[in-house]
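Just below is one structure, and these are the notes that go with it.
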C-alpha cells in the first residue's frame, strides 16, 4: 500500500481508464457491471485516501510522465478538488449500484456493456477534469466526459433522447470551443497552460483587454457546461430523457465538476481580485444566479413530468451555487462547495427515487403518481425528503446550504441577497408541494390500492443517499469544515 | 500597416468563427449544424497555430543546425483538438442518422413540431 | 443526567414514540385511543416532573447535537417555556379524550393518520417550548407547520386542500423569508443563538439593524397571526374541530406568540426592547389587529370562523403585552397565553360538540340550542367570560397585568384599544349564549348532548378557567422569574 | 505573406458560401475544400503535423462520414424554414465584437518575442533532443511531455467509437441473420 | 461495385501500398510529420476502401467485427499499460524514461509503444465506424419501428 501512496492521484484515472476498455472486451452485462462496481468502489476509497493525504500533508502535486510543470502536465490536488473528487466518486458508486437493476429495465441486453463503458469513461473524464492542473488537459477530459455523456443520454428509451443528446452535443461542443478560445488567448499572453503558472504570470498582463475577453470566453464556455442560467438549454431534456440511472449519476456529478473548474479558473487563476474587483463581472454572476434560481424553479413548477421538473430544479440550484461563487469571498465559495456536496446528495437521491417510480409504474409523469404515497411509500418518501431538502427545511442538507449562503451574504451586508435566497426557497416549495399533493393528498379513498413498491435493489441505494441527506443535515460539522477548507484552497492557490 | 498585417490573421479567424457560429445557430438542418461546428472549430485551430507562428521559422523538426523554429506547443494542442473534433463529428452524425430513423427528418424545426404534436 | 433532564427529553420523545403504537393499532380504535391517552398522561406527568425541578430553581438542560459552530439542538426548561409546556401537555390529555367522541361521532376518515400527526404536532410543540436556542425553536416551529399540514387538509376535498396551501404558504413563507433570515442575521451578529436572560444584543449592535430584526421576528413568526399574516388561521378552520381546538387555539398559535415572547425576552431583553422604538409600531399593529379582528368576528355567522378571528385578536393581546416592553406587559402576555388557551379551547370544544350533536355550524341556526345542550352552552358561557376577561375566570388576571403594562407606557390609544377589544369580544361572544337559551324556532326541548367523552373534556376546560381564577399564582410565579419586577 | 492572405481570402469565401448554400451535398463537398485550404494554411504556418492530420481528418474522414450520413438519411437539400436568424446574427456578431476588441492588443502575428513563444516552448526546442532524442519536437511534446493529453485524445476517439457502435452498430445480434 | 474489374484491380494494387504507407507514417513519426493518429486514419482508410470495393461481407470475413471492437479497446489498454509500467518501474504514470536503463532509449520505446496504441485504436475505430454506417443502411426502416415503442 505504501508503494501506491505517491501514485494515488494517478490511480484515480488509471483504474476507470483500464476498466472501460475491459468492458468493451468482456461484453457480458453482468461482468461489465461487476467491473464498473469494483472500480467505482476502489476509486471511492482512493478519493478518500487522497483527501486524507491532502489534509495531512498538503497539496499533492504529481508530474505526469516525470516532466515537471509547466513543461509537462501535472495533477494538483488541494482541499478543493479532493473534496469534489470524493463527491464524484461516491455518487458514482451509488449510481452504478443503482444501475444494476435500473438499467436492464430500460435497455436491451446487448447495449448494456456499451453503457457501462461510456459510464466509466464519463467518470474518468470527470475525475480528470477535477484533478488536472493544466487548462488544456481540462479541455481534453471535459471532452471525454462530454462525449460519453452524449452517448449515455442517447441510451434513453424515448426517441427524444436522441435529439436531446444531439442538441447537447452541439451546445456542448460550442461551449468547449469557447473554452478553448479562452485558454488560447491566455496562452497567447503568457505562454503557459499550467494553472499555477498562469496564476503567477497573469497579474503581469492584466492590463491587456485580451485577459478580459479570455475571462469572458472561459466564463461563457464553462457556464454552458455547468448549465448556468441562461446557458442551461441543453440540460432539461438531456436529464429528462436519459436512462434513470444515468440521470441520477449525471445530476450528482457532471455539472459539479464543471462548477469546480469554473471556480478554480475564475477565482484562482485570474489574478487575485480580478474577479472581485470587477464589479460588473460579479454583479452579473450574482444576477444570473438569482435569476436562474427563480426562473428555473418557476418553470419547474409548470412541468408535468417529474424528471423534467427536477431537471429544471437542478438549474435553479446551480443558480444558488453561482450566487455563492459570485460573492467571491471565502464564506460564499464555502457555501457553494457545501451546496455542491448537498445538492449532489439530494438530487441523486431524488432522481433515483424517480427511477424507482418508473420501474414500478412505467411512467414518471405527475398523473401516474396518484396514491403513490400509499402504493409505494418508500419511493414517495424518498422524493419527499429530497424535495424538502431542496426547499431547505431544517434537518436536511438543503437547510445547511441555505444557512451558509445567507450567512455569506450577510457578511458582505448584502441583506437583500440573503432575503432573495430565502425567498427562492418558497418558489422551490411550490413545485415540491405539487408533488406532495399529488402523491399524498390526491387519494381516492374509495378505490383500494395495491402496493407496488420498487425492488429493494433500487430502494437501498436510494435510501442510503436519503439517509445521508438527513445525516449531513443534522451534523454539518464535517461538510462545513471541508467546504471551508475547499474555499480557502480556491483562494490560496498561488501562495 | 504593421497592425493590419500583424492582426490580419486573427481578424480573418474571427470572421470564420462568426460564420461557423452563425451556421450552427441559424441552420435548421442537423448536418448543416455539424458542418458549422466544424468550421467554428477549425477557425479556432487556425488561431492557435497563428499564435505559435514565428516569422522566418520552420516546422519544429530539429535538423541539428541552429534555426528558428515555430512554436511546437500549439501544434500539439491542435492535433489533440482536431481529434476531439472528428470524434464529436462522428458521434453527432451517428445521432443524426438515428434521429432520421426515429423522426423521419433531420430538420430541427420539423423535429420540434413532431414532438409538440 | 438527572431525572429532570430525562423527563425533559422524554416529554418530547414520548408523543413521538406514541405514533408507533398508534399506527400499530390502526385496526383497533379502542387500543389506538388508549395508546393516545396513555401517551398524553405520561407526557403530562413528565412535564410535571420537569416543573417540579424548575420550581425548585433547577432548570434542566441538555444539548443533543451541534450541526454548525455555535448552533446546536439543545433544550432548557426555563419558566416561560415551562408554563407553555404545562398548558400544552395538559390540554393534550383533554383533547385526546374529546377527539375520541368527536372523531367517532362525526365519522371521520383516516382516523389513525389523524392521531399520529396529532401526536407528532404535540411533540413539536413541546420541543419548541423547551428550546434552548433560536435554532432549536425554529426547527420545531417548522416541524410543527409540516406535521399539522395533514391535519388541516384532513378532509381531502378541494376546499381543504386550498386551505392547506394557504396555511403552508403563509407559515412557511414568513418563517423562511423573515424568521430564518432574522435568525441567521442574529447568528451572524452574535455568533450564537442561545436564549440568554437579559438578551444577547448589546449597545455595540446597530440600532437600525436591531429594529429591523425585531420587525422581522414579529412578522416572521406567522403563527402569531399578526395582521397582515393572519389569513391562514381562518382558512385552517376546515380542519376537524379537535385540531382547531388544540392546535389552532393552543399549540400552533401559542407556539407563535410564545416564540415572540421568548425572542423579545431572551434575545432583545426588556430594557433593550424598550429603547428600540419599533416596539411601539408593533404594539400599534397588534392593537389594530385586536380591533379589526373583533369587528370581523362580529360579522361572521359561522361559529368557528368567529372563534378564529377572536383567536387572532387575542393573540395580538399577547403581542401587545410583549411590545409594551415592560415587566407587567410581559407577565400579562405570558399569563394570557395560558388563560386564553383554556378559554378558547373550551369554546372550540363547544363548537365541535354542537356540530356533532346537531350538525349546525352557523350561529343564526343556534337559537335555542342551550335547551338541548345545557352542559355545552354553560361551558361556552364560562369560556366566553374568560375571553372577555371578567371574573370569576382566569382571563381577569391576564387582562389585568396587560392593562398595568399598557398604563405604564402612557400610550392611551393602546389602552383604549385594549378596553374596546374586550368590550367587542363581549359583544360577539355573549349574545351567542343568550340567544342559545331563547326558545328554539322548532320548539324541540329534548336534551340531546354530545357524546360523554366530549362533555367531560369541555367541562374540564371550563372548570380550568375558573380554577385559574382561584390559583393563578403558579403562572405568575413562573412569569415573574423571567422579568425583573423590582422596578415597580 | 501573400500566400497567407490569399489563403485567408479563400477560406473566408468558402465558409461564407457554405452558410449560403442549401444543397447539403454541396455544403459537404465545399467543407472538404475548406478543410483542405486549412491544411494548406497550416503548412504555411509551419505546422506540418497539423496539416497532415487536418488533411486526413477534415478532408478525409469528416467528409466521408458526412457523406455516409447524408446517404443514410437520404436528404439532399436543406429544408429552409422561414426562420429569422436574428439570434444567430446577434450571437455571432457578439462573438466577433468581443474577439475583435480583445485581440486588438494581442501580441502580433508571427512575433518571435510574443510571450507564447518565450516561456514554455523554447524549453521543448532546446531540451527535447537531449531528454528524448527525437528530431520531431511535435512528436516529443505530443507523446512524452504532454503524453497524458494524447492519452486523453485516444480515449476521446475510443469514446466516439463506442458511441457510434452503440448507436448504429448491430452488436451481438449479428449472428442471428 | 464488387464486379467492377478495373476498380478491383486498382484496389488490389493500391491497398497494400496504403497499408505500407500507414506503417511508414506510424513508425516514422519520430523523424517527420506523422504518428499513430495519422497512421491509424490511413490504415483505416485503406481497409475502408477494401470494404467499399469488395463489399462489407468480405471485409467482415477478413476482420471479424468483435475483433475490431476488441482492438479499439486494446489500443487504449496498451497506452495506459505503458503508463502503468512506468509507474511500476519507479517513475510516474507515463514516465517512459524508466522503461529501459537508458532514459533516452526508454523514451524511444515508450513513444513507439504508445504511438502503436494510438494507431491501433484509431484504425479500429475508423473501421468500426465504417461498419456501423455500412450496416445501418439495411435496417433503416425496421429501426424506426423499434424506436416508437
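We call the chains A, B, C, D and E, going by the order they appear; numbering starts again at 1 in every chain.
In this section, a contact is a pair of C-beta atoms (placed from the backbone, for glycine too) under 8 Å apart; a residue touches a chain by one contact, two chains touch by 3 or more.
These figures come from a predicted structure and were not determined experimentally.
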item	value
Neighbouring chains common to chain C and chain D, by label	A
Of D-E and A-B, pair with higher C-beta contact tally	D-E
Computed distance of Cα centres, chain D from chain B, in Å	4
Rounded Å distance between chain C and chain E, as computed from the means of their C-alpha atoms	78
Centre-of-Cα separation between chain D and chain A, whole angstrom	30
Centre-to-centre distance between chain E and chain A (centres being mean Cα positions), rounded to whole Å	35
Residues within chain D bordering two or more other chains	48-49, 53, 57, 61, 65, 68-69, 72, 99, 103-104, 106, 114, 116-117, 120-121, 124, 135-136, 138, 142, 144, 146-153, 155-165, 167-168
Touching two or more other chains - residue numbers and ranges from chain C	none
Interface hub residues of chain B, defined as touching at least two other chains	17, 21, 24, 34, 51, 59, 61, 73-74, 77, 79-80, 83-84, 87-88, 90-91, 94-98, 100, 102
Chain-chain contacts as defined at top	A-B, A-C, A-D, A-E, B-D, B-E, D-E
Contact set on chain D toward chain B in their complex	1, 4-5, 8, 11-12, 15-16, 18-19, 24, 27-28, 31, 34-35, 38, 41-42, 45-50, 53-54, 57-58, 61-62, 65-66, 68-70, 72-75, 78-81, 83, 85, 87-89, 91-93, 95-96, 99-100, 103-104, 106, 108-112, 114, 116-117, 120-121, 124-125, 128-129, 135-138, 141-142, 146, 149-150, 152-153, 156-157, 159-161, 163-164, 167-168
Residue numbers on chain E that touch chain B, as the complex places them	31-33, 37, 129, 132-133, 136, 140, 143-144, 147-148
Chain D to chain A touching residues, read off their complex	98-99, 101-107, 114-121, 123-124, 144-149, 151-153, 155-156, 158-160, 162-163, 165-167, 171-173
Partner chain A, residues of chain B touching it in the complex	17, 21, 24, 30, 33-34, 37, 40-41, 44, 47-48, 51, 73-74, 77, 80-81, 84, 87-88, 91-92, 95-96, 98-99, 102-103, 111, 115
Residues on chain C engaged by chain A in the complex (per definition of touch)	65-69, 73, 109-110, 138-139, 142-143, 146, 150, 153, 156, 161, 164-165, 168-169, 172-173, 176-177, 180-181, 184-185, 187-188
